[in-house]
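Quick one: structure below, then a few questions.
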Amino acid sequence: MEGIDYKTLLEEIYIEIEPLFGRGQVASYIPELGRIDGHQFGMSICKNNGEEFVIGDCDKDFSIQSISKLYTFALAYKTVGVKLWDRLGREPSGTKFNSLILLEQEKGIPRNPFINSGALVVADILLQEFSNPMDAMLEFIKEISGNPDVCINEKMKNSELACSYTNYALAFFMKSFGNINSDVDSVLELYTSLCAIEMDCVDLARSIRVFSSNGLNPWNNERILTMSESKRINAVMMTCGLYNGVGDFAYRVGIPAKSGVGGGIVGVIPGEMSIATWAPELDHSGNSLIGLKALEIFTTRTGLSIY
Amino acid sequence: MEGIDYKTLLEEIYIEIEPLFGRGQVASYIPELGRIDGHQFGMSICKNNGEEFVIGDCDKDFSIQSISKLYTFALAYKTVGVKLWDRLGREPSGTKFNSLILLEQEKGIPRNPFINSGALVVADILLQEFSNPMDAMLEFIKEISGNPDVCINEKMKNSELACSYTNYALAFFMKSFGNINSDVDSVLELYTSLCAIEMDCVDLARSIRVFSSNGLNPWNNERILTMSESKRINAVMMTCGLYNGVGDFAYRVGIPAKSGVGGGIVGVIPGEMSIATWAPELDHSGNSLIGLKALEIFTTRTGLSIY
Amino acid sequence: MEGIDYKTLLEEIYIEIEPLFGRGQVASYIPELGRIDGHQFGMSICKNNGEEFVIGDCDKDFSIQSISKLYTFALAYKTVGVKLWDRLGREPSGTKFNSLILLEQEKGIPRNPFINSGALVVADILLQEFSNPMDAMLEFIKEISGNPDVCINEKMKNSELACSYTNYALAFFMKSFGNINSDVDSVLELYTSLCAIEMDCVDLARSIRVFSSNGLNPWNNERILTMSESKRINAVMMTCGLYNGVGDFAYRVGIPAKSGVGGGIVGVIPGEMSIATWAPELDHSGNSLIGLKALEIFTTRTGLSIY
Amino acid sequence: MEGIDYKTLLEEIYIEIEPLFGRGQVASYIPELGRIDGHQFGMSICKNNGEEFVIGDCDKDFSIQSISKLYTFALAYKTVGVKLWDRLGREPSGTKFNSLILLEQEKGIPRNPFINSGALVVADILLQEFSNPMDAMLEFIKEISGNPDVCINEKMKNSELACSYTNYALAFFMKSFGNINSDVDSVLELYTSLCAIEMDCVDLARSIRVFSSNGLNPWNNERILTMSESKRINAVMMTCGLYNGVGDFAYRVGIPAKSGVGGGIVGVIPGEMSIATWAPELDHSGNSLIGLKALEIFTTRTGLSIY
């Protein structure tokens, strides 16, 4: 790994992904997301030793969407510990991210924190644990990303909230099983606000380095998560982070990762580095088509993977 | 990792697992398996550099059962390559190992090679690719384990075949979708014979070292699998190897592994070592209760995991 | 049928059902329903020729709950005709009355008008068709029952609305598929108000006579439904009226019927008579245990059934 | 009903259905069935008073297929009584006739005797109750149809047996739950032989009159089934006889009926008459497209239905 020329590699990746523009589709079910120009790609690498490499639109802010589920899971796990698992599983769902079928069969206990139902329960836990959970979350993200200006795109949030019928259904359904304590509107407000946070690839990669560094804050080496917490968050990411595509991602890319319908993907090579990619066009399972390809080239070329 | 005293660690593990004897239950659905004495535990570690450490009943033969699915998957993948994925998925199923529900919804295409339906398709592929697939499999296992005496327990095989109603149902169901080409009896005969192979922990750990060594034969450094094949087999093991318990295993233990209802578990720490445990008493998901605990202690104490 | 002494038969039924008090359980998931005294039973028969026979607590008002689904289906079908089937099926669901599983598989189209999801869609249709759908419904019920005082128990309605999480989930879920047009709160308000209508057995039996009389208003012989509409409503009742118990009810009782968790059941013997029973204690599938038994005795003793 | 001119009505029906030839498709999954000329239609009415009316190809033999499930259910119910329900339900399945999903969820207990799994269990019961169940069945059918020459088409049976993979899967799956006692081959042999019985519309309508006559043998007025048994068989037919189309059939036609993929449908108007239609082209749910239309015209025009 010492001999890898990351700068050149990123340039090669850019050339190889270019023909793929137009192959995927920008998420359209949230009107505000549908307006994004699909012809964009950024990638940022953040080694544990502090070195950084970037390419393309790596400094353009975009909607992190479900990547926020990684932050909320981490803060909730850090805060309430294993009690989290009383209300939540940690198994892959094998179904679409917003399916209600398993939720009915499993009596309102979501399979894991990375599907919508699971993240709604995590939001409900944050509402119970913090007097101002939105502030707590933003503080946490600002701390680990090192960027004090991270904030919510209110227009995006409102656009999303106005069409969150499935998420409302999920939250009410879990409330019918007693697994949502706050009122549904508050849970949806918090959840949707977190999805509407905007960051760029550089900040994303930096913020994720806490998981490639065994829980240490990359900026000051203070411990944010225990080593065990950090490893376990990576493990849950590996088996549950890409919805019904976890197996294929493990097979093709081979690192713990979390994607969002805004087109971002963050990945972790434990002990080595963190990576963020962004390309708004999605494949049929809702993951960034070009981001996924870029990560596949990256781990194939470098031989870096956890396997 | 250099400083770890594996001998002492294995002794500590033995002491810690002893109080757990009697907590699980020996598999009873195959009469011949039900006769095993549950009060047994063996563990074997096989480092990539050739060092080996063992404890307990590590040299007693037992029925490898579903661990055979790892061998058949490896040989079929090595033989037909990515064509394998025309008839088989590589996603976790999120359901019991012998469920027919997804198989109906997904029109006879099994989710992955590590559930029964998937292994039956792999057996069918071996029947097409080899004139004597059983011999080919035994040769393969003998080669990677370095033990020329590996063989099938015929009594176990017949005991199992006589109650394989669910596997017959799975095979006929897939045949109705055109995803079994040979006759069902031949597929069941091969599949069940492979389950009835007997090995001890030492041989198992040795045979698995090909996956911790990027595909090299541990005995002569000849290449058996490409690096990519080896990594990808580990990836599929990680996301699909423990049935509906993959997420929990990743969280608690954190290494690619495959279990069998005979009480064995094999695990891989890529680049480092392979591990085999055996303890016949199973937990409610059909994995060795004590084997799982031993692996959890091992990765927790050493800090070795892929995350 | 001419020779049947209904008065004596009802007295015999009362004696036979008495030992069953205490065997079932009053619905408890709506607090206001849970307060009902379970030790009550009423039955009312209303022959097409105008003769009426009653027994027990036949003049006590109770919450009609899901029996309202029959009225709303009838009024919506009468109003929009076969267009109803664009948004709704007419097949038995084979699952619990409030399941979301089929709804996800069938993309927001409820199986039939007698499960909760179906009745919510019917409520949504009434909201589109009538400027004041609640008044229209009450007018319709008053007209066919001949009782101008039928009204809603507001306390019951509010008690129910406060715990309608599953129904909210169903409505939001269907809205996500585009099968609810009004806002969810209005749909829930109308639906729940209709469930909270109170009637006694006498009024219920009278109101149902429109379906045993081929669509004629029993009070003035004016046509309310066409003969075809009336027959088809009976057919849908027969195959879908008792949730996941339709087959058993057809087998044991053998007439089109609709039940409610308030303990009421209404049944139709086409060309002959209508029947209403009330007994608040429910069996495990949510139907009145004693009401069901009373109807079984009734059709067995008289030989009246549609088969 | 006295004034209906059935002869003219059948002639009108023939004219109305003629334009529909070519709209459906002959069943092709059994090779021998696929060879049938689709351009055929026959209909036979058999009034309880003995009058008979026929039209078209009413005297051509065809494969009765699933209509045999009605005969086997009747004979098994008559023989073992309510014990039948220990191994079998009587609820509509809401799914395809050969689905395994509910069977897994409900641990090997089929929903009703009219889906394949249910009829396989009934065949298994006949194997236990009769030394020669095939003879017993043929005797029963000969007795109620009045035709001593009813027999099995061996070529059809063998053609069907050679592709019965799904039925083998169903039988093995139920055997894994302990709900098949005989060996699977014997069950399949009996089941498939019964499907391959050939009859014409005249014989079918005559044989079904036992169900429209409250259980009396139409030929000699001897009692074959009790009144209760006859009514209950009709009830199960009504709610379960047309697979996942029972609700629609009840709505459009409104009588208890059973269909087969050979293109036959038999229907019962209790107390009045029995009907058989045959037209080999099927709709997408596997019911005879023209037969269904003919029955719809018949009940609409006569006003005869059970509702």
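Per-chain numbering from 1; labels A, B, C and D assigned in written order.
By definition in this document, contacts are C-beta pairs under 8 Å (C-beta built on N, C-alpha and C of every residue); 3 or more make two chains touch, one makes a residue touch a chain.
None of the values given here were measured: they were computed from a predicted structure.
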Both-way neighbours, i.e. chains that touch subunit D and touch subunit B: none
Distance in touch steps, counted as few as possible, from subunit B out to subunit C: 2
Most distant chain from subunit C by Cα centroid: B
Pair with more cross-chain C-beta pairs in contact, given A-B and A-C: A-B
Centre-to-centre distance between subunit D and subunit A (centres being mean Cα positions), rounded to whole Å: 56
CA centroid of subunit A to CA centroid of subunit B, Å: 32
Inter-centroid spacing, subunit C versus subunit A (mean Cα positions, whole Å): 48
Residues of subunit D engaged with two or more neighbouring chains: none
Pairs of chains satisfying the touch condition: A-B, A-C, B-D, C-D
In the complex with subunit D, residue positions of subunit B that touch it: 99-101, 103-105, 165-166, 168-170, 172-173, 175-176, 184
Residues on subunit D engaged by subunit C in the complex (per definition of touch): 89-95, 102, 111-112, 227-228, 230-232, 234-236, 238-240, 244-248, 250-251, 254, 256, 270, 300, 303, 305-307
